[in-house]
Amino acid sequence: MTRAYYTFTPYNVGRWIIWTAFALVLLLAPQVFTSNLAVSMLSQMGIAIIACLAYNILLGQGGMLSFGHAVYSGLGSYFAIHTLLKVAQGELAVPVSLIPLVGGLAGLFFAFLFGYVTTRKAGTAFAMITLGVGELVFALSLMFSDFFGGEAGITADRVVGEPFFGITFGPTVQVYYLIAVYTFVCVAAMYAFTRTPLGRILNAVRDNPERVEFIGYNTQIVRYLAFMVSGFFAGIAGGLGAILFEIVTAEVVGPLRSGAYLLFTFLGGATFFFGPIIGGILMVLALVFLSELTKAWLLYLGLVFMFMVMYAPGGIASLIMMNLRVAAFGRLRELWVSYLALGITGVVALLGAGALIEMVYHLQLNAAIGPHVEYLGARLDSSRAESWVGAVFVMLTGVGLFELARRHFRAHWNEIQADIEKEIKRREMMA
Amino acid sequence: MEFVIVSLLNGVSYGLLLFMLSSGLTLIFSMMGVLNFAHASFYMLGAYVAYALSGIVGFWVALLLAPLLVGLAGALFEKTSLRKVHPFGHVPELLITFGLSYVVLELVQLVWGRSAVSFTPPAALQGPAFTLIHTAQDTMAFAWGQAPAEVCAQAACTPFPATRAFMMLVAVGMLVTLWLLITRTRVGLIIQAALTHPQMVEALGHNVPRVFMLVFGIGTGLAGLAGVIGGVTFVTEPAMAAALGAIVFAVVVIGGLGSLPGAFLASLLIGVIQTFAVSIDHSIGSLLTRIGVPLGEALASKDFLRLTLSQVAPVLPYLFLVLILIFRPKGLLGTRDH
Amino acid sequence: QSARQAARQQAAAAANAPLAGQTVKIAWIDPLSGLMAPVGSNQVRSFQFFAEKFSGPNPYNPAGVKWEVVPFDNKLSPAESLTALQSAIDQGIRYITQGNGSSVAGALIEAVARHNARNPGKEVIFLNHSAVDPDFTNSKCNYWHFRFDADTSMKMEALTTFMKDQPDIKKVYLLNQNYSHGHQVAKYAKELLARKRPDVEIVGEDLHPLAQVRDFAPYIAKIKASGADAVITGNWGSDLALLVKAAMEGGYTGKFYTYYAGVTGTPTALGTQAEGRVYQVSYNHYNMGGDMQKWQDEFKKRFNADFYTGSVIHIFRSLSEAMAKAKSTDPVQVAKVLEGLKFTSYNGEVEMRRTDHQLQQPLYLTRWQKADAKFPYRVENTEMTFALVREFPAYIASTPTSCNMQRPG
Amino acid sequence: MNATPSTEAPVLELRNVWKRFGKTEIIRGANLAVRGGERVAVIGPNGAGKSTLFNLISGRFAPSSGEIWLNGQRIDGKKPYQINRMGLSRSFQITNIFPKLSVFENLRCSVLWSLGYRYTFIRFLADLDDANERAEALLDRIGLHKKRDTLAMNLTYAEQRALEIGITIAGGASVILLDEPTAGMSKSETRRFIELIREVTEGKTLLTVEHDMGVVFGLADRIAVVVYGEVIAFDTPEAVRANPRVQEAYLGSVLAQQQAAEVAH
Amino acid sequence: MLQIDNLHAFYGKSHVLHGVHFHVGAGEIVALLGRNGSGRSTTAKAIMGLVDAEGDIRFKGERITGLKPFEVAHRGIGYVPESRDIFPKLTVHQNLQLGVKGSGKGARWSFDDMYAMFPRLRERRHTEAGVLSGGEQQMLTLCRTLMGDPDLIIIDEPTEGLAPKIVEQVADYLRALKAKGISVLLIEQKLTIALEISDRALVMGHGSIVFDGTPAELKANPYVRREWLEVG
C-alpha cells in the first residue's frame, strides 16, 4: 500500500518499461481487434479511461464524491461538436485533431464556473451540490434546444477541413489513433499531476482538511484547482466522444453517465492511480458488450458491484497491488494452485448461476419465441426440468467447491501476509 | 378561487408523499450516515409487493404486510451486505446501495414484467373524498364524497380524490410515530454515537449491529409504505423508482440532513411550490415585455427567454438544492453543517 | 375448401418465390431497458412473431426469403445505437429497423447515410417503424431511410379533420412532453386547427419534461381552470397514463386526443373511468378483422400482450415485395424498387411515396370504450377496447413534403 | 524566516482578548506579550481555556473581541493559513496528522508552502530538492527515518506525537504553539521529547501547554498561568511557583511539587 | 475476578501480545505499567473483545474470550479507552446516558454522583462533548463508564492531560471505587500515582508481563525499573 505514494524518480527503468508497454498496447490494439465494432469500442475505452482518471482526481485523490461529473465531459462534447459544425461551415479553422482541446477548455471553463460554488464545501455537501448541478444541467439541456438540440441532439460530420497527410478521420481507425494519442498524453499528464505539489496537497486535503489549513494552504482553493484540472480532462474526453460518435445528445450530461463514472472508477480502484484505467475499460465492456451478450446485463452489473464493494472495496487495482506485494516478497508462486482452484470452481458456479438467470429471463421476456436459450454457444431448453435441475446442480457444486477453495486460500493468504508483516518489521529493525 | 384551494391541496398531498419517502431516507441518512440510493427502489418494491398481496389478502392487509416485508428485505440487506462494507466508509456504502437499486429494478421486472401493472385502490378509496362546488352565483360549497350530479350540472365541481386524502393521513401519522421513535427512545442516541465511535458504543454494552439493522429496516419499511400508497395513487411501474429517487435526495438535503422536521417542511414546500409553479406561464421573456422591455424577434425566439416557469417546475427542487447548499449549507432546519 | 384455397395459394407462392432459401437478417435497434423497455420488448416480440410467421414462401412473402431478427438493446441512447449499428454491420446485416425515440432515429439516419457513403458496396437500409418526427421525410429526408409509421403531421391532419365536424369542441388545450415529438404535436395542432377550425380557441399550451412528472394533478387543475373541453397530447407511456388518471380523479370531463393511448401499459392505467373520453389516432387499430384479427389474437395467446406496432407487417411485406421484384436481397437493388412500391396491406392500399419515403396509408381514429360484439378485442385484458370512430383514406391523411431526395449516382 | 531573538518588541501579543461560545465566556480578557526567542509554558486547570487561546491565536476561531498581534501585524480574525504564512505554526492536543500519507509525505507536504511552491502543478515533487532535503532532515530530527514510508496511521501513539511536532515545525515558522506535546508519554519518552522540542525550537519563540510540571519547569523561560480564561500570572518559573494565587489555583498539590522536583536530578 | 492466561492479540497480521498472564482480584487495584508501545492498551482492548485475541480470558469464572464487546460489557466490565472516545456530537449529558446499560436500575451510581465528582461537567452538561477541553473529555469518559455500573473497570491512562490537582482527585476517586468493591485495572504512565494507589503492579514489555508484584517490590527492583520503565 505504501508504494502507492512512493517518491517519483523520473528516470526509473520500471516506469519506462510500463509506459512504453502502455504506448505499445495503444498502438497495436486495433491490429489485434480489427472489426469496426472492436475499433469503435477501443476508441470508447480510450475516452472512458481519460474520463475515469479525470473523475478520480476528485474521488480518489481529493476525496470529493461527485454525482455530476458528466456535466463537464458532456459540455465538453457539446462545445466540441459545435466547433466541428463551425469548422464545417468554414466559420472557424480548427484542425479536427485539436477539437478535443476545445472540449477540454469548455470543461475547464464550466468547472471554473460551477466549481466555485461546489468546491466551497467538502464531504456530503459537495456530493449533494454536484448532484443538484448535474440534474439541473441535464434538465435544462432538454429545454434549451437552441444549444443542446433537444433530445435529438447535435450531429456533425467529422470529415471536414483539409486531409492532413491523407488523414481525413473518416475511417474509425484514424479516429482511434487520434484518441489513442490523446489517451496516452492525458494519462501521462494526470499521472504527472499526482506527483506535483498541488497533487500531493490534494491528498492531504482528502485526509485531513483541517490540518492543511495550518500548514499554509487554503483547502477551498486546493479543491477548486483540482476540480478545474479534473474538469479540463473530462472535457477532453467529451470532445473525443463528440468526434467519435459525430452526435452529441443530452445523455452525455445525464446522471446515468455521472453515475457510471463513479461506479466504474470505484470498481477499477480509486485508491491507485491506474485503477480508473481498468475502470474505464470495464465501463465500455459492461455497457456496450455485456448488454449485447445478455438481456440480464443490468442484473449482472448490479450484482457484480455489490460483490466487488463487499469483497474488494479497494477495487480491482487493490487486488492487483496486494498480489504484487506478495510477489515482491516472492510468495506468489505458492498461490497459483489456489488461484487455479478458485478460478475453476468460480467459473463453474458462475456458469450455473448464469444459466439459471438466462433461463429465467428467457421465460419472462420471450418464452413464446421458443423454449431455447442460446447460452455461450450451448442451447438450453427452458421448458424442460432437466436443464433447470442441471443448472442448479452445476451452480451448487460450483459454489460448494468454491467455498472450500476459498477457505483454503484464505488460510494460506493470511499466513503469507503474516510472514510478510514479520519480514517488514525485521527490515525496519535492520534499517 | 377553488383553483387555489385545489392546487394547495394537490401541493400539500404531493409534498406529503415526498415526505413519506424522505422520512425514511432521513432516518437512515441521519442515523447511519448512509446515502441510500436504493431508497426509491424499496419504494417501488413496496408498491409491487402490495399489488401482489392485495390480489390475495385484499388491499388493507397488504397495506400492513407490504411495508413489513419490504422492511424485512431492507434489514436482511443491511445484515448481509451493508454491514460488511460499513467499515470501509460511506462511499462503498453508497455504491452498494447503488448496485442494489439495479438488482431490485431487474428483479421487479423479472417478476412483474416491464410494463405498468394495474394496482387499483380499494372501493373505499375510489372516487373523491370530498367535492368543492363552485355554484353559478359564485359561492363556494363543500360536500363529502361525490357531489350529486344535479348539483354539478349547474355548478363547477372539483372532486378531491380519496387516495390523496388517505395519503395525507398516513403521512402525518408517519411523522408523529417517527418523531416519537427518535426523541423518546435511546436508539437515536446510540446510533448517532455509533456513527463516530462504533467500538466505544459497543464497549459500553450496546448491540450496535442490531440497532443499525433495525433502523435500516424501519427506514426501508417506511419507503415500502410510501410505495403502497404511491402505487395506488399514481402508476405502479418499473420507472416509478427512478422518477422519484433524485428528488427525494433534494428534499432531504434542502430540509437539512438528519432533520425530520426539516424533511417535512422541505417536502411540503417543494410540493406546493412545484404545484403552483406549474400554473404560472410567465417566462423571462414575457416578464421583460410586461415591464416594457422591447424584445426583437431574434431575442424573443431565444428559448431561455421563452422557457416558462411551468416548464421548469419539475426541476425546481434541484435549483433549490443548489441554492440552499450555497447559502445555507445546514439546510432549512438542519443542525449540522456536513 | 377455403383451406384448400390457402394451400393452393401457398403452393403458387412457393412456385414463384425467386429467393426461397435465402436468409435476410434485420437488426432491431431499440430499447429493452430503461424508460421505453415496455414498448421495446413488445415491439421486438412483434418482429420476431412475424419473422417466424412470414418466413419461407407464402402469400405475405413473395420473395420466399427466411426472415431473421437480431435484437440490439440501445437503451434509448443514440450513442449506444451507433455502436449497435457498428456490430450489426460487422455481422454482415444490411437491414436495420428502429422506432422508439426520434433522437435515435435521427442519429441512425445520419449514421447510415454516412456509412453508405463511406463504404460503397456495403449499403444498409434503415426501416423506421415508429419514429414519427416529420423532419425525417422532409428537411432531413434521406434515400436510405424508409418510414412505415404515419408521421406526426399526418396523424394531426386526420385528427383535425375529425375535430372539424365536432361542434362541441370549442376550447382546446395542448399538453405535451418537452422534446421534439411533443413540440411537433403542438406545432401541427396549432397550425392545422387554425386552418380547419379557426373558431376553436387554444386556451392553453404546456410542455413538461419527459418522464419527470409524477403528479399531473396541477396540470389538470390548470386545464380545468382554462375551461378547455378537449386536450391534444402526444404523450406516451406513464406521462399519458398519469395524465388521464389525474384527469379522472380531478373531475375533468373533457376529451383527450392522443397518439399513443394504445401503447403498452397505458390502456391498463386508463381503466374504465376513462370510458369514451380518450381518442387515439393511428394507422391501425385493435378491431380490424381479417388476418390482422387472427394475428392479434394469436399474438396475445402467445405473449399475453397486444400487438399494436402494425408497421412491422408493412416492413416485412414491402421488403419481400421489393426483393421479389428486384430478384435480389441487396439493399441497393431493393431500395430502388422499395421507393414507390404499392401493395395492399391489412389497412388497404398503401404506397411508399417515392418523393420522401413516407408510407402513405389510411389512418383510424378510435375511442376507448367497453368491448362489445362490434368491437370485441379486449385491450390488455381489460374489458375495454379502442373502438373505431372514423377511418381516413390515405389521401386525406397525406401531407405534402419538402423533401428533394438525393439519389446515389 | 527565523526571528532573531529580540528583547523588547513582543513577537506575539494578546490585548484584552475575549471569546464567547453562545453566552458562555471562555476567554475573559486575556493579555499576553511574548518576546521573540523565549520559551513560554502555558499552564492552568482543565478547561481554563489554554487550547482555546491557541485556537484563537492560530486562527481556528476568531476572538469575540480584542486584538492579537504577530510580528507587528494584527492577525485576529485572519484564517489559519494566512496566519501560518505569517510565520506561526501550532500542534494539536488531539493528534492531527495525515493518516493515509507516509511519514515522509506528511513532512514534505508541510514544508511546501514555506518554500514558495504554493499550488504549483507544473513541477515534480521529486525535483524540488530543497523540499525533499528539508523533509529528510526533519525525519532524522524527529527520529522517524526508520518509518519513512510507513503510513502515518500505522504509527504508535508516541510516534504520531513526534510526527505532529515534525509537521508543526516543518514550515520553519518563527513562532510555535505546542498543545500538550508530551501527553500520554512515559517518563523516558517525555525526556527524549523535551530534548527534541528544545533543539527544534532553537532560536524560535515557543508557547507550549503542559500539565506535567516536570516538563514545564524543565523547558520554560517564562510561565503563563491561565485560569478561567484569564492570564493570572506571567513570570519566571521561580516567581510563578512562589505566586500564592497560582499555588491555590493550580500548583498547590503534592504531585506538582514532586514532578517539579523530578527535573532537578 | 479477572483471570488471564496465555493471551495473544493481533492487529490484522501483526502479533502484538505474546502470551500474557495475570489476574485481578476482587476489589483490587492493579496497575499495568510499561513503555509506550509495550502492549498495555492492546491488552485492554483484547479483554473487551475489540481486537482479535487468542488465549483464555475468564471473568467471574466464565470464559469471555471472543465475545462481542457489548456482551463483555454486560458481563460487568467497564472500559475507559486511552483515546478518549467521547461522542462529539452528543451533549455531555447524553454521553452519560449512553453509559447506562439496559434500564440502568439498581446501579451504584447516579448522574448526580458524577456531577458531584466533577462539577465542571455539570457546568457543561448541555454543550456538545466535542468541544470540551481535553481534560473535561477525560473526566467525561470516566463517568460515562461508571454509569454502566461495572464490577471491574479497565482504565487506560486516565490522568493523561489532567492538571495535577485533578490527577490527585482521580487518584482519590479510584480509591473510592475500590471502597465500593469495584476492581480496577489501571494502565498508567505516571508512576508516582500508580504506585501510590495500586495494590499490585504489573510491568509489561514487548507484549508480555515481565514483572508482577507489589509497588514496594517494584520500587525495590531497580533492574525492572531501568530496563522496562526507563526510570532511575
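In order of appearance the chains are A, B, C, D and E, and numbering begins at 1 in each one.
Assume contacts are C-beta pairs under 8 Å (C-beta built on N, C-alpha and C of every residue); 3 or more make two chains touch, one makes a residue touch a chain.
In UniProt terms, the chains line up like this: A = Urea ABC transporter, permease protein UrtC; D = Glutamine transport ATP-binding protein GlnQ.
A quick note: this is a predicted structure, and the numbers were derived from the prediction, not measured.
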item: Intersection of the contact lists for chain A and chain C; value: B
item: Reference chain A; chain at largest CA-centroid distance; value: E
item: Chain nearest the overall C-alpha centroid of the shown protein atoms; value: A
item: Distance from chain D to chain B - Cα centre to Cα centre, in angstrom; value: 51
item: Centre distance in Å when chain D and chain E are each reduced to the mean of their C-alpha atoms; value: 29
item: Whole-Å separation of chain centres (CA-atom averages), chain A against chain E; value: 49
item: Contacts with two or more other chains, residues of chain A listed in rising order; value: 139, 143, 145, 298
item: Complex contacts: residues of chain B adjacent to chain A; value: 35, 81, 84-85, 88, 90-92, 94-96, 98-103, 105-107, 109-110, 113, 246, 249-250, 253, 257, 302-304, 307, 311-312, 314-315, 318-319, 321-322, 325-326, 329, 337-338
item: In the complex, chain E residues that touch chain B; value: 48, 50, 68-70, 72-74, 79, 81, 85, 87-90, 94-95, 97-99, 101-102, 144-145, 148
item: Chain E residues within the chain D interface of the complex; value: 34-37, 82, 120, 124, 127, 131-136, 138-139, 157, 160-168, 189-193, 229-232
item: Contact footprint of chain B on chain C as seen in their complex; value: 35, 37-38, 41-42, 178, 204, 206-209, 211-215, 217-219, 221-222, 224-225, 237-238, 241-242, 245, 249-251, 264-266, 268-269, 271, 382
item: Complex contacts: residues of chain D adjacent to chain E; value: 21, 24, 43-48, 50-52, 93-94, 156-158, 180, 183-189, 211, 213, 250-256, 258-259, 265
